[in-house]
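You will see two complexes here that share subunit A, one where it goes with subunit B and one where it goes with subunit C.
And now, the complex of A and B:
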């Protein structure tokens, strides 16, 4: 699920770049310096996940994992996804460089929504956290498909048609990602629950409690 | 004595070579003419039998064409597979991407840690 060069009208592509840059700046500001290794790990996972193909009849779709990145990183997820997508478009030729802003919004906004939603839904019990993880894992892909439909609608495509097609094609991916996210949340809440906690307030504070 | 025999032998050999060359020279155009003239007769025979062979030749050609077409389709399939394989990023590309990510965030983390360390040592 990548938008290629020349699909979007120029105004939309430029607008997406501007909006994406603003969100990246906000996301960078909200990123705590001490969380950078975690952000790097999630970025690398996002970068590589696109190579895991799920065969689907004559074609194949690949994992997207905006849900997992959102759950792990919260506000920093957009930064991670923007970096991952930039490298994907340069090294793998996934999506065009001119559509990078649109692609970042398409993957990053679901990640932000999923991160926020997970924190709201997780509750205190592990079962509930696992269920919330499964929900946001599937929701991330669905939201990405909806935003893809919305973006292509600006290029003159039929919104409902594109969104339906993208959703139908990514149903297996949604199932797999729901399972993977639920497993990951269950595992982390047992082994290292602090990885699922997100920092409060702005990112300008390090682990030593020193404000910048 | 020996040299005189040598001269004699050389002279004889030269004579024989000349005769042979002359003979070949005479024979050459003659045999060429025979070769040129010879195909005229079989050609006539072929023309007579051609209408009967047309069907056979045509079916042979068609069979060959079908065979070649199949071979060509196979090659096309292989070419498409190779193309797809080439488009897939290799292991080197994947690792270089991961290296970029780790380097980028590693640098950011280093700068952050250095700033935190300096702040801390200033406060102490």
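And now, the complex of A and C:
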């Protein structure tokens, strides 16, 4: 779910822009300069992937994929998500223009956490990597929902009900996303394991002290 | 402290409203399905329908096309922040009217505008349904309950709040087309770079937009292949497994392509910056329009805070 214009208080919207810009700068710094075009292209594929709908009973949900982006891009994930959300807002109005910073934080921060966590947990066996995939798939959605709830609640007590509902609505998405991420990690570990080992665009993957 | 006024509605009235709302929802769903089916039919010939182009489609020479892109973007972005700062429904509705006038002035085709309105409709509909039920009751708020359903208390203040948010969102959404569709995407991004957005970022947006269409076509082709092999989406493990494999394959192919594209770009002498062919020139009229537009925004805000 993307936040539209007019929901957040202006101070929060502006603050999120500033914070988002700082994290984008960090993410760009962590991406090897030559790899920026690659990350841009990868962003296009994530954009297409996020348009995929999965049926859920009588309705359908679309994937949020913060976990998957984090796994595949590592520290560059925030940059990719910021670019992707800019395009989604410009093309489809998915996410308001003034809420762009907030939406980038909502999806990008979970992606950074998931990427870091996946690298720490994936181990050397496929089963373990698949389990780590399921965990970060669910965690990505949970964190995104949590940040969404907090941002909505920043509008005052009137928004508490909406924030709670938004959190609850993400529970089924969490389950689906955990399954899809786990299956996808399994698929990639058979087909192209190097995608899981070294995130695209992070020539400095070996650097220590990543704050996510 | 005054006791809140309680308005009791007979059961048939909200029943009627619910029935109408459900009818409307079904109609919207059917429209979407038909639109989707029609789009799928034409998808055979066309490249891709799901990702619109952000290029000049309006009649040339209108106000927004002549406006210097840098000043246009800065003005409308600032104006958007003024609009979202409004608190009261009256000024917010006035902002929608102003945006509608802008759409008419820019002579934007209605399809793009409608798509944007549809893009925000889900979120806003949820707000309109939930907020009257959940906003905190201030002393003095009138409460509406329905005979027979006393456990649901509707607070009209919630509806006003949701409508105000809806108006603000719509006002900004309507402005997006005059702002973005009246210059080519390359010019818009170059203008953003001149306004201080790092060139690295604007180039990534441009490159990403170029390849959206390629990957969307790839995705379409793979989905066609899946359907041809009898794949039907259901709510089960198998569907999730197949979707995961599909996404995995999409990423494998895309990431392979990123390497080839980068090699090709380097071979053609890419130095980290695409050449720019556009020259920006701001005339006094551009500044005048900016000042006038922002004044409108400031007047709206003043009216919102201190007005009648």
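Quick note on the criterion: the second predicted complex is superposed on the first by the 168 of 212 C-alpha atoms of A that agree within 3 Å, B and C clash if a C-alpha of one lies under 4 Å from a C-alpha of the other, contacts with A are read in each partner's own complex, and residues count from 1 in each chain.
The rule we apply is simple: contacts are C-beta pairs under 8 Å (C-beta built on N, C-alpha and C of every residue); 3 or more make two chains touch, one makes a residue touch a chain.
Since this is a predicted model, take the numbers as computed values, not measurements.
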Who does A:118 touch here: subunit B (first), subunit C (second), both, or neither? neither
A:176 in the overlay: touching subunit B, subunit C, both, or neither? Say first, second, both or neither. second
Considering only the touch criterion stated at the top, classify A:78 as touching first (subunit B), second (subunit C), both, or neither. neither
I'd like to know which partner A:5 touches here: subunit B for first, subunit C for second, both or neither. second
Once the complexes are superposed, what residues of subunit A are shared between the subunit B interface and the subunit C interface? 33-34, 36-37, 39-40, 43-44, 47-48, 51, 83-84, 87, 91-93
Residues on subunit B engaged by subunit A in the complex (per definition of touch): 87, 89, 93-94, 96-98, 100-102, 104-106, 108-109, 112-113, 115-116, 119-120, 123
Quick check: in the complex, which residue numbers of subunit A touch subunit C? 1-8, 10, 13-14, 24, 28, 33-34, 36-45, 47-49, 51-52, 54-57, 60, 63, 68, 72, 79, 82-84, 86-87, 90-94, 96-98, 157-158, 160-162, 164-165, 176, 179-184, 186-188, 191-192, 195, 200
Under the stated contact criterion, what part of subunit C meets subunit A in this complex? 50-52, 54, 77, 80-81, 83-85, 92, 115-117, 119-120, 123-124, 126-127, 130-131, 133-136, 158, 161, 164-169, 171-173, 176, 180, 198, 200-201, 203-205, 207-212, 214-216, 218-219, 233-235, 237, 239-241, 243-252, 254-255, 257-259, 261-262, 265, 270, 272
Residues of subunit A touching subunit B in the complex: 33-34, 36-37, 39-40, 43-44, 47-48, 51, 83-84, 87-88, 91-93, 206, 208, 210, 212
